[in-house]
Amino acid sequence: MASLTIKNAVKRYGSVEVLKSVDIDLADGEFLVLLGASGCGKSTLLNMIAGLESVTEGEISIGDRIINDVHPKDRDIAMVFQSYALYPNMTVAKNIAFGLEMRGVPKAERDTAVLDVAKVLKMDHLLDRKPSQLSGGQRQRVAMGRALVRRPEVFLFDEPLSNLDAKLRLEMRTEIKRLHKRLNATMVYVTHDQIEALTLADRIAILKDGEIQQLASPEEIYDRPVNMFVAGLVGSPPMNFIHAEVARTDTGYGAEITVRANGTDNSVLLDLTNHPADLSGFVGREIVIGIRPEAITQTGSHDGPTQCFASEIDVTEATGADTLCILNWNGKEVMARISSGYARIIEGTMDFSVDISRASLFDPQSEMRIA
Amino acid sequence: MTDRIARLLPQIVVAPGFAAILFFVYGFIIWTGYISLTNSKMLPNYSLIGFRPYERLFQMDRWSVALENLFVFGVLFILAAIVIGCLLAVLLDQKIRAEGFIRTIYLYPMAISFIITGTAWKWIMNPSLGLETVVRGWGWESFSFGWTNDSTLAVYALVMAAVWQSAGFVMALFLSALRSVDQDIIKAASLDGASPWKIYIRIILPSMRPVFMSAIVILSHLAIKSFDLVVALTGGGPGYASTLPANFMYEMTFRRNEIGVGAASAMVMLATVAAIMVPYLYSELRGKKHG
Amino acid sequence: APLKADPTAEVLHYWTSGGEAQAVKALQEAFLARGGSWVDAPVAGGGGDAQAAVLRARVLAGDPPAAVQIKGPNIQEWADAGALGDLSAVAEAQNWDDVLPAAIQDIVKYEGNYVAVPVNVHRVDWIWANPEVLAQVGATVPTTWDEFNETADKLLAAGIIPLAHGGQPWQDATVFETVVLGIGGVDFYRKALVDLDMEALGSDTMVAVFDQMRKMRGYVDPDFPGRDWNLATAMVMRGEAAMQIMGDWAKGEFAAAGMVPGVDYVCASTPSDNGYLLNSDSFAMFNVSGDDNVEGQALLAELILGTEFQETFNLLKGSIPARTDVPRGEFDECAIKSMDDMVAAAEGDTLLGSMAHEIAQAGAVRGAFIDVATAHFNSDMSSQDAVSQLVDAIKLAQ
Amino acid sequence: MADSASFTPGNTGSNLALRLALWTVLIVFAIWFLLPAYVVVGTSLKDLEEIRGGSLLALPHEINFSAWRHAWSEACIGVECSGLEPYFWNSVGMAIPSVIISTLLGALTGYALTKWKFKGANLVFAMILFGCFVPFQVVILPMAQTLGKIGITNTVYGLILVHSVYGMAFTTLFFRNYYVTIPDELVRAATIDGAGFFTIFRRIILPLSPPIIVVSVIWQFTQIWNDFLFGASFTTGGAQPIMVAMNNLVNTTTGVKQYNVDMAAALITAAPTLFVYIIAGRYFVRGLTAGSVKG
Amino acid sequence: MASLTIKNAVKRYGSVEVLKSVDIDLADGEFLVLLGASGCGKSTLLNMIAGLESVTEGEISIGDRIINDVHPKDRDIAMVFQSYALYPNMTVAKNIAFGLEMRGVPKAERDTAVLDVAKVLKMDHLLDRKPSQLSGGQRQRVAMGRALVRRPEVFLFDEPLSNLDAKLRLEMRTEIKRLHKRLNATMVYVTHDQIEALTLADRIAILKDGEIQQLASPEEIYDRPVNMFVAGLVGSPPMNFIHAEVARTDTGYGAEITVRANGTDNSVLLDLTNHPADLSGFVGREIVIGIRPEAITQTGSHDGPTQCFASEIDVTEATGADTLCILNWNGKEVMARISSGYARIIEGTMDFSVDISRASLFDPQSEMRIA
């Protein structure tokens, strides 16, 4: 049993409340990602789980055991740090073995364990090196090895990839994912990179100023963000927010926006009829329509019910596979994503298909999702 | 229980050292403060008489001279050591061949006690024995280097010897700081059209404020503690023209059976130190919560 | 009862230079010869400047040395602080009252009991002169201050340094007190420097004293600041300078260089009306515990005042014995002159304690005198200013 | 390196002039720094005859080590004519334990203050730091009383205590500023690995400390070796450290001042610290970069 | 005239040749990106243009003027550094004005210029702050301001965005692009982020070990990499390299690969007939087929001639808009990119459409593109 339960956890430094009543319940083997901007309290929460910071209020338990007052070393937890925190004076092998040594595991046993882990991480040829002689990716792997070798019930990762370059980050991400599958251990992973969060997590907890905004699966978070903060945080390029007034139409609801095309501003009615949200209370009021760039694309590529209209492209940005187009709707920038083949041909005005069923609608006052 | 001890271990480890400091520094300061309010003469005496020792202290010409000297000595010494140390650091930073060798030459006086420094310079400044005769022998008849023998110059002799001893250390401080300046800043300034000279004056040196602060703190501690150097170089003379407060304190306490006045002068010195140090420490430590 | 321990004595002294060091050595040898165990604790420098700190530290630590070289009113003050032991037993056995002059007894007795042992008597108001050099300008040792100035001017004109001097405050004060004695006379000296009579201190006579000091400053070579006294003596020996005003410990230096008084150098009292400035070294015996230490103290006291030691020691040191019954045979003419003068001065009531050497005054007051004397000597302060400073400083120090 | 020469690819002419000026200044200062050393070494190698006859700055006619031998093993200090040798060993016996104790104390305190920040750690540090600035003359009398009470007056233990306590202020400063630059995560990782306060110190922190240990040891050794005041005040006679003995020796003259012996004595006294600086000076500068600069 | 010409430039440090005969010819107003791995000599080249490093051999000219021996300050060049290199002791305003001051521009004039630039960069409210009081993005903007204010002919950027977080990087990227459009100045931009290179550049120069591998437009580089190095460097996730033997088929050429599907390895013939490369010389020899992940996708989303076959999905990674699938071809991992809607439904084996016309073919020996 290695479920992890955080009940009502609060952390205060003096009078500053860094975490405000956090509730998280993780099943055994679940992979939770904590996502949030810098300074929102991610590391603090992780440190509280690890026992490196005291819990001001509330309870943290692993399995059935409340661990608030248990010493870090007795919590059966391993942690991987952003800076890796490798012991610079020890070889790789010693680094990995240190935790076992401290727990009094005999040398022979330690050696086999280290070798096993090193093989899994494909670094058995590096065991005699010092951390300073390793590349970034290799260091990262040693840090993982140090955590793995102890076979703890819970793994904690504090932005373990943020010091790597893009390519390596991609590789290590896949490796961590694979590891999780193999070990099936409970993992809590801190990042402020939303791609990492989306690709790795079973569930994502989005933190803002010490409060959980949403705790859900990546799909849920991506497709149905509970508020504009979550919507804006997740997704790259970020979701477009379009302010428009809801009007009743023949078939249901619609929202009128102006779209610049061929040099003039045209009025377009976005059809919200098929949208699952209940808009009855919003007629005549402004709402925020959140549309992700990939939901605005070249015609003929959507599956669902779409709406097509022409829009002028201000700037294009080819990112390789896709091309981002900046459009002008309601006098503001709106980003669309089209497949690269198109961008190279078309400049000026072209037709876009918009999948409004995948849009998120928000109340501009509360910034909360309209269900 | 063992957990409790484990949690308190940092405090427990710091405790003996801190207790020692509390006793040997603060306890002694309090003791001295107390004594400075008594009529202690030959030996400490514990009956209070109020601020009389301070009144007497400030009526003594010797004390005014000592304070004045401390001011002159302190300011000149700190300034000169920083200017020279800084200059040498900048010069040594120009990809000099044999840098290590020259650096050692500049640094070695740090290793030598003030007693030896003072004695050596005393010989050199001795008009009939030292440099003066030599240079005059070369034909420069008006050359004069007998600073130790001139009441008005003796304190400058102290400054010179003290700078001689400490400039290398300041140089080392600055050199190591120069080495950690972001190279891109220099490139940027050079692209901006600044000459190397301007780059140092306008960009690099101003950005090394913390090092200046460290240097000033270390040098002022040397200045205030200067005692041996005076004893060895000028003996406080001619007359008492070059005494410093530390020498005054020693003279009063041990030679003149005026322990009360000596203690009063010590308290004034400590107050001076505190006036420099407390604001510095406060600003240094306040911003370093995550230290 | 404990076994009779070897007498042990830790001796704290600042006799590290020249004849002094040899003299202490003699004492040590005598002490060892009597089965004692000598712990030497020399603290060199500045007439006991450094020693002062050590002594206080040791006393405060409750572990004073057995015998400490201190003198003058300092003995009284230490005794007053209850730090000194009682030597009455030895004194009585050795009849010290009979062999010591009254002036000396006053110094080493506290409330009628001996607390210190005098070693010697030094005369301070000496002129040491190199006769050959004086002869170059046709002069002899001056007997009045006017003559002194005349001779000095002549020497100056001849390119000879008239006065060898070391610019340390106590040396400045030594010259100062001989000038006070010479210009002001015995009574003035007593009033001003011993009794601290404010009127005398502020008088025109004192102005005249400082005027003379200003002249003396002109007779000194420019390198004088910080020079040790024995180096100044060496200047006279080598003929670089004509005269030095210094106590008779200077003679130890001449002797050590194998020079003969009256031939290679001459000694004369500084000009005054039969004044005699007395300086006397002594060992104060501190309260010690342990039989061996007490024994050691007694043995040391006995030895120090023994005629044999008094003779050898003072021959080496250049001083004259503290006790009056030592055979004069071995002593040179300067010493004999000193002995005669002292007897005469004692009779004529012109025997005075030296201020500069902590016999007339100690501690703060002496410090105040020295401060003003040295400040005046080393600057261009006017005599008038010096006098008013002196008055203020002495008031402040009392 | 803030090298400016490479900014001007052309202009080699004015560069040469600049270089010349630069070297001139460097050499003038080098001469100034070396002058006392030259005088002291030169004089210590002359015999008395030559000193009297020649100038202070003249090279010795022939190298003559007799003054050194004399100062080391024959010169009289007070009535003992043992030379500096026994005092040298006194100093060694005093300096080594004091350096070790104060360095260790500073390291532990610095470690506890930075890596295990407890409430008031900064205040504790500030208060310890202030200890650097207490003029030693001030503490002589109360220290004497204290040493007397403890019963270690006039022993090497007394000096070790004194130097350890007042040295600790500096070593704590050094170590604290150095440890601030070591990431806290290292300690956290080790804590999770199951290491305790001392294990982390011994296994993780101490192995990272050589640069600052070098600084601390050099600094402390120099300070302690060169101390005169404490040595003179708290010891007498045969127990005195070499700095006091050297002072006594220089002041022990018989007739003619033996400058050569005095200078040799000064050199012998300064030799260990000089040796340390010249050998380890490079690490000193490096360690400074790592540590105290950021103070 | 502010064209920039680099002819045959060589840089040696002692015996180490860091740049080997680099030739670049930039038109006035062109935006060149230098892309390459760490240590390949990008900064060195930039520094040589700026005059901060001497040129060992060759010639660098701006317009008609050879500037090899011109002092940096007289080259009319501004540079933005990775670390920003702001003067820590000066306020923002002073930082920006410093270059003008050194050039003797009078105070009043300086002040207006600074204010203008600050307004353009939306930081006129920050002028009195010290760099230490600014956020990363703001610092970056100051660095830009410092370059802009001097209105130089050539701008150099040395990885100006690499210290920013992903979101800010995106923003600043757009800003730089817009600036370039507005100023129409010649710009040389160093990065090792290929997305930056692709989105910003008019032309990209790809450097490897001091040699230019390809100097071409972003499209050219992305679609027609000259060698496997370029192909692997550009594109994220990177191009899949599939080794296969060329065989003659009825219609032209083909290459057989094994594809794991429904648990078994099936043989699939990739049809290379429509591929523009001349494969006549390669029949019976192994070639490397480089296919980008986006060219392997769900059926029904390609425009061109495609080929469809089933393949088993090992792992999926949802990155928000898209889902990456790891397939097993020829026993190796191959990455495919499908639109997110699919990934959430399908696990196991599904049909993929492969656009082989967009593949790049390489000679495995020389690693060069087969034309």
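The chains carry the letters A, B, C, D and E, assigned in the order they are written, with residues numbered from 1 in each.
Everything below uses one rule, namely that a contact is a pair of C-beta atoms (placed from the backbone, for glycine too) under 8 Å apart; a residue touches a chain by one contact, two chains touch by 3 or more.
This one's a predicted model, so the numbers in the text were calculated from it and none came from an experiment.
The chains in contact with chain C as well as with chain D are B. Path length between chain C and chain E in the touching-chain graph (shortest route): 2. With steps allowed only between chains in touch, the distance from chain B over to chain C comes to 1.
The chain with its Cα centroid farthest from the Cα centroid of chain A is C.
Across the structure, the highest number of inter-chain C-beta contacts is found for B-D.
Averaged Cα coordinates give chain B a centre that lies 56 Å from the centre of chain E. Each chain gets a centre from the mean of its Cα atoms; for chain B and chain D, those two points are 15 Å apart.
Averaged Cα coordinates give chain A a centre that lies 26 Å from the centre of chain E. In chain C, 53, 56, 60 are the positions where the chain touches two or more neighbouring chains simultaneously. Shown for chain D are the residues that touch two or more other chains, namely 7, 140-141, 143, 229, 247, 250.
Within chain B, the positions touching two or more other chains are listed as 6, 44, 129, 190, 250, 253. By the touch criterion given at the top, residues 1-5, 7, 22, 25-26, 29-30, 32-37, 39-40, 43, 55-57, 105, 108-109, 112-114, 116-118, 122, 124-143, 146, 165-166, 168-169, 172, 180, 196-198, 222, 225-229, 243, 246-247, 250, 259, 262, 266, 269-270, 273-274, 276-278, 281-282, 284-286, 288-289, 292-295 of chain D touch chain B in their complex. The touching residues of chain C, counted against chain D in their complex, run 10, 12-13, 15-18, 21-22, 24-25, 28, 38-45, 50, 53-54, 56-58, 60-63, 65, 228, 230-231, 234, 253, 256-257. By the touch criterion given at the top, residues 183, 185-186, 188-195, 199, 203-204, 207-208 of chain D touch chain A in their complex. Put simply, chain E touches chain A in their complex at residues 165-167, 170, 173-174, 177-178, 192-195, 198-199, 218-219, 222, 234-238, 292-294, 301, 303-304, 315, 317-322, 324, 326, 337, 339-341, 344. Interface residues of chain C, counted against chain B in their complex, comprise 46, 49, 52-53, 56, 59-60, 74, 77-78, 80-81, 83, 167-169, 172, 221-226, 362-364, 366-367, 371, 374-379, 389, 392-393, 396-397.
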